[in-house]
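What follows is a set of structures to go through.
The two complexes that follow have chain A in common; it is paired with chain B in the first and with chain C in the second.
Our next item is the complex of A and B:
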């Protein structure tokens, strides 16, 4: 790249990195490397954000993310996490319906394992 | 040039689709109308029919299906992840919570407080934006702690100069500055950084049952942890 292209890409950089070619060239190279890496990281970060939002939304209804997704998989509901997070934010009643569907399909493991404590209940 | 091409393709669709729907069995799986209009045309224009971007939506959807795609003028809500605007987190309209710290286990209480301050209990959680609530803690000197931590838990601080480490136990700090115990616990659970420091200012800790925030009408903090009260 010639100097003109480097300075065009170095707009907004801090200090000498936007004005002096030797420093700008290094910083621009690094910036392009970061942007290559982050185009791949962005997909991971977005999915993580959707999962956090879905988790918050389902916990308001007493179900956690893991059990919720397991219930949806059992019912073969193929909505992806992006759409589920948008539904949890903008369509709360529809989301409650989805949580109810998932809960009826998979109420959680503790519901099945609770009766086992009969023998130990004497100690409590 | 691009606009002229799309408008001409839309004219062709509206002209050909009613007459050619019955004889030709080739219908597209997405749009559901026949491709016979586009087979006469060069492949460039048939590709344009399936490429729907936000601006061209109204021209690529056939007239009888436009009722299914409403609100083509605004931003794309379903395909772009929502990011809060300034009006979604106005500081004056944040919720205020109040919690009484007497006989509550320190760490479990601090964890619940940090979750509400950060906003992780909301479906609109965003890591880069302060979407959380304010929390008031009263009766801070009565916070409970299990085991022998009352005499054994150490709070350290360093002044920066050599030999400047100061150590005190939980008991001593509680006699000196009781609010600092809960503040220290919650600060360790909030993110460290510029946003974390501003989140920390949303925590208000007071000794005794009074607080000056009656005007904010604080609600009771919903606690879901079953083991938060001290078991005697």
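Our next item is the complex of A and C:
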């Protein structure tokens, strides 16, 4: 890459890395290496985020993520985690339907109960 | 998936204004004949030539005794490539398309009124290996769909789930009687990503640019679920009542 392209990619860098070619070139090369690596990491991170969101959504209904996914697999429902997380965020009633379907297919090893919220009244 | 595919659905408030101007009328006059006919042919011819020339030159350089063996070997491999790249017959195209999950209905006519107002119904549709949660009026970016042009109507048949205000229908895995109609808005290239590889202290550095080929689809209609008939935006109280009456329909 020639200097013009390097400086274009070095916009927003800290200190001399955006102005001086020797330093900018090093930093830009490092940045491009990171972006190569992170394009692969992004897929992993997104999947992890979706799983966290699905977990949160199902636990509101008293089911944990593992049992939920097992129930869906048993019922041959092939929705992927991306779409399940979107449904859990934006379509709460449809997500409840999915949780019910999964729970009826696989109730889980322990007796699943909805989480009880104990207020301060218990202490009184 | 790079920048273009991260672009989510348009704001609901803007959609009703924008979708009323039919996109086909803006695009049809100058894009359809110019782009759709020249571009795919160009790609096909280019690829065809790339595979054709080395095979022939390779065969011609060898001695005569080895020619027969090499020619037969080359032709066998070469024949498979030819089928992949050259024009498939119409049946094979339809078969490939249905495997990926869509059917081409035909070009959009000016008289078709496919762009409707937003309806509070969603569908989960699968194209290739990617799933999308779509609603009426959404745009989605998918991998380049080969057998359709701009302003073509498509039917996406792999529908995994339907939902509305009163019903949720979950397929196992697919709903056979559901269909999602879409229109191809453009065949575009993604933003350029620079692939840069470096091994430090070993004098190895490689730079390459890549633009992924995408297709932009606009979802026009979702069929297979009862839609609420109220066209007015509902006040919050009525919405809660309707959701309280919700039933879950499960199809085996």
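In the analysis below, the second predicted complex is superposed on the first by the 110 of 124 C-alpha atoms of A that agree within 3 Å, B and C clash if a C-alpha of one lies under 4 Å from a C-alpha of the other, contacts with A are read in each partner's own complex, and residues count from 1 in each chain.
One rule holds in what follows: a residue touches a chain if its C-beta (ideal position, glycine included) is under 8 Å from a C-beta of that chain, and two chains touch if they have at least 3 such contacts.
The structure presented is a predicted model; accordingly, all values stated were derived computationally and were not measured.
Peer 1: Overlaying on chain A: chain B and chain C, fit or clash?
Peer 2: The answer is clash.
Peer 1: For A:73, is the partner it touches chain B (first), chain C (second), both, or none of the two (neither)?
Peer 2: neither
Peer 1: Now for A:49: first (chain B), second (chain C), both, or neither, which partner does it touch?
Peer 2: After superposition on chain A, A:49 lies in contact with chain B alone.
Peer 1: Thinking of the overlay built on chain A, is A:20 touched by chain B (first), by chain C (second), by both, or by neither?
Peer 2: Neither: A:20 stays clear of chain B and chain C.
Peer 1: Just chain B (first), just chain C (second), both, or neither: which does A:86 touch?
Peer 2: Once the two structures are laid over each other on A, A:86 reaches both partners.
Peer 1: After superposing on the shared chain, does chain C or chain B touch more chain A residues?
Peer 2: Counting contacted residues of chain A, the larger count belongs to C.
Peer 1: Under the stated touch criterion, which partner chain does A:57 make contact with: chain B (first), chain C (second), both, or neither?
Peer 2: In the superposition, A:57 touches chain B alone.
Peer 1: Find the residues of chain A that appear in the contact set with chain B and again in the contact set with chain C.
Peer 2: 82-83, 86, 90
Peer 1: Any idea which chain B residues touch chain A in the complex?
Peer 2: Interface residues on the chain B side: 77-78, 81-82, 120-127.
Peer 1: In their shared complex, at which residues does chain A touch chain B?
Peer 2: On the chain A side, the touching residues are 46, 49-50, 52-54, 56-57, 59-60, 82-83, 85-86, 88-90, 92, 95.
Peer 1: Using the touch rule from the top, collect the residues of chain A that touch chain C in their complex.
Peer 2: On the chain A side, the touching residues are 1, 29, 32-33, 35-36, 39, 75-80, 82-83, 86-87, 90-91, 93-94, 97-98, 100-101.
Peer 1: Within their complex, state which residues of chain C touch chain A.
Peer 2: Its residues touching chain A are 122, 124, 126, 131-133, 160-161, 163, 168, 170-173, 193-198, 205, 207, 243, 246, 248, 250.
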